[in-house]
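Common to both upcoming complexes is subunit A, partnered first by subunit B, then by subunit C.
On to the complex of A and B.
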């Protein structure tokens, strides 16, 4: 059991609480940097997908986990980012500029979606964002002159400041760098007034207003940032697949992104990363398991979405804190051994909120 | 120039006149209490003053400026803080984070500075922390600093609600039933704190209260309401002795 003796306010603001955390995260960093040297090419490619989904997860976690605004149409921002990148690269724009443009355009789309969000809550907001997802998907399919419609768009390899990203390993390092920078920026945001304003909006809008938080402004910022990050992920996703078409940005993708956030663990960035790893690992596990399942089950076309759904329901029923929540419980069990009690993480619903002002 | 003035305030929800023609004035540095039986419109008046509801008619003035019709989040910037009758704390944050959110209108850092966490942001964070710690010392919440609000007992939550309102650094503090749900010892503590707030911090307090002993103990002036209309205004003893007020609470003597 580690005890933190606090002597300075700075200790609460710092990124790492103590030397042990620095050690473990340092070890993780070393492992991540050395990954392409030990893993086969295929798994490095899968790691690239995990990193891309990490960025998606971080963006969506910021919106759902920290600001409390649900979005079931985030694939639209993925699409905006991907197609912006494809179109700009076709015109010879350097990668750094096109990535920035993808981010800014997605951010603008995010502001657009944020406008109805100011007045809608809960399921109505979910419906509105889902509608936005459909709209963008339709636009991409119909606007054949620009996006190529159902024939899709092809992408060339990235030329990053003179270095051609032609192997999975190089692309992996590019994605790793971007993910690290984004994660750092988001952590910085959450430990400053804007991050706290997001949490305030999630927990009690009326209270947040009384504290002087301008709801419209902060909700819009949350949507814009979330969309920007998803746009960046979209651009990287386009380069990974080297071919994009409208079916890759449909409702199921949006729901997959939301599932990622819920299964990973709502309310923390660790949750986004666990969720991303889970989402990419699960199809691999299913493919592996197909050999061991009876033929009738294994040949079903809807096997993967069914298993996804069942796992999501199981998590919501039995482990609402998600994978990261389970990890925290296991870690606490060992650090407090033998004093861990089963009800430690149970949520108290003792106080009913009546008389809520809307 | 009056510190805080309400002029002919009325609000109507459909056919229900929740508040009719209420006018009063609060002087700087005093503790002004609004009493009345349930349904008299006390919390509605608070919601009108915190600009959550727009009034059907009437005007509100703060420090000589009219504030009727401003957007609700401006209230904290003006220097008016409020607590809520049914505690509206941020449940999934710690007590300290709740208080730091209360410091929001003192935050002057921009989004870009925060993303990069420049030294200016760090210095601002330390300043916010110092201010929050002063309030924690004032209300003796040191023990609960890092506890999540979701697990705290009711009496402590009330105090955290008060602390968060004080973190705004208000000139006018609106307390909505500060002693509801508190046992006699906690009510005593609340009375001491309200007196301290008035004397040490120099904050004007406008509160709604049912507990008459608390009202008599801390208030300078009292306003009695019934059915949304003013009954009587004066010192605590004058109002509690007024036959109209007694009739509103206890009914006419047959």
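On to the complex of A and C.
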């Protein structure tokens, strides 16, 4: 068992609690850096997808997990990022600039959606963002001379300061670098007054307001940041696929992103990363499983949504803290070894905040 | 004029389907304050049961409707009891995610069922392909029947909520659960019944929709258009859901004819965004103010 004796206020906001954490995260970093040398090309490609989904997950976690604002239209921001990148690259704009532009434009779209969000809560917000997602998808389909409509748009390889990103390994390092920078930025954000304000809004809008938090400003900032990160992910996603078309950004993608956050575990950045790995790994595992199933079942197209749905329901019913919650429980079991008790993480009686007038 | 009438009637007809799905949302929202994202999929499953009853078992149309309604009501109650009761009282969006999961499973399982699969099916109705001449406009009898049957269902529901013991208990539970509970109303059981009722209403919508769009596994996505309907009417108001559905149907129908191509598909969402910005409580929504 480890104890943290607090002798200094700085300890509360330190990035790593102790040397053990530094060691494990350092080891993780070394492993991630060495991964492309060991893994086959195909799996490196899948790792790239996981990293891109990590960025999406981090953005959405900031919004859903930390600020408590629901979005079912995040695929629209992904689309804005992807199409901005595609259009700017076709004009010969360097990658660093176009990535920034994609982020800023998505952020601007986020502000646009954030505006109605100031007045809306819960399910109304979900419906408003969903409507926004539908509208963006339709605009992309219809605005043919810019977006190419249903025939889609091709992208070239990234030219990153003179280095052509022509292999999955190079793309992997680019995504890894970006994910690390974003993650560090977000961890720092959550330690700052802005981050604290987000959490306060999530826990109770009324008490946050009473503490002098400007609800409208912080909600807009949360939406903008979340949309920016999703836009960055969109730009990378477009390059990874090298071809984008409107149906890659439909409602099902938005829902998939939201489930990522819930399955990973609300309210932790670990959760976003676990969730991303889960969302990418699940179809691969199902394909792998098909060899062992009777052909009558294995040939079905409905297998994947069914399994996905069942896993989602099971997580919500039995492990509301998601994969990260499960991981914390396992870790606690071993670190406390003989003293772990089942009631330790028992769900506190939670009551839904009713909108009804009493 | 004839064309206008035709557009209006087809708009009202499709609007009635949206209205019925929205009614399902509203029933569940009023009872549990959560939104059932699987409502469209309940409609789809109901459509499949009705198809099986008519085409495979060879039952007459009306018997098939009764059969599908009964099966789906039981299914709705079962779903509530098994997956939704355990998360009742959790944060609103957790419950929404559960219903999204239920929707995924339903869609997946339907495509895996032998005899259902990913194909498109037709329910044979007794009034198929007949046309009525109304003031110079050719109105298909199917559309007219959708409107009439929706009106009939609304009358039945009105009577149910107004005059039966269970209906009044449902109203009480939806207004104030705690007070209803103190009055001896078994609120949990009422919730189960409401899920059954909501599934049956969705099934009815599916059966009405079947002659227009046919029955297929992705039919449930039309339920997404019912969200705008419910919001426009004011979430939580039953007459509002009906009015909202018809408004959305009309807007879509006219937008499809008078406005450029592509607007039709998103007209409903543009309307809902405007309503949410201007009057988030909807047309019939009650004005609620929260006290600290």
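Rule of thumb we're sticking to: the second predicted complex is superposed on the first by the 349 of 358 C-alpha atoms of A that agree within 3 Å, B and C clash if a C-alpha of one lies under 4 Å from a C-alpha of the other, contacts with A are read in each partner's own complex, and residues count from 1 in each chain.
Everything below uses one rule, namely that contacts are C-beta pairs under 8 Å (C-beta built on N, C-alpha and C of every residue); 3 or more make two chains touch, one makes a residue touch a chain.
Because the structure is predicted, anything quoted here is derived from the model rather than measured.
Residue contacts after overlaying the shared chain place A:189 against subunit B, while subunit C stays out of touching range. Residue contacts after overlaying the shared chain place A:145 against neither subunit B nor subunit C.
In the superposition on chain A, contact is made by A:214 with subunit B only, not with subunit C. Legend: residue contacts after superposition of the two complexes on their common chain; A:91 is shown touching neither subunit B nor subunit C.
Residue by residue along subunit A, subunit B and subunit C are tallied for touches, and C comes out ahead. In the superposition on chain A, A:206 makes contact with both subunit B and subunit C. With both structures placed on the common chain, the touch criterion links A:341 to neither subunit B nor subunit C. Contacts of A:4 after superposition on the shared chain: neither subunit B nor subunit C is touched. In the superposition on chain A, A:312 makes contact with subunit C only, while subunit B stays out of contact range.
Contacts of subunit A with subunit B, set against its contacts with subunit C after fitting on chain A, overlap at residues 206, 351, 353-357.
On the side of subunit C, the complex with subunit A involves touching residues 29, 33-35, 83, 86-87, 89-94, 96-98, 100-112, 118, 176, 217, 224, 227-228, 231, 235, 261-262, 265-266, 269-270, 272-273, 276-277, 280, 286, 288-292. Listing the residues of subunit A that touch subunit B in their complex gives 9-10, 12-13, 185, 188-189, 191-197, 199-200, 202-204, 206-215, 221, 267, 347-348, 351, 353-357. By the touch criterion given at the top, residues 64, 70, 116, 119-120, 122-124, 126-128, 130-132, 134-135, 138, 141-142, 206, 251, 255, 258-259, 262, 297, 300-310, 312-313, 316-317, 320, 350-358 of subunit A touch subunit C in their complex.
Taken in their complex, subunit B has these residues touching subunit A: 47, 50, 52, 71-77, 81-82, 84-93, 96-97, 100-105, 107, 109, 111, 114-117, 121-122, 124-126, 128-130, 133, 150-151, 154, 164, 168.
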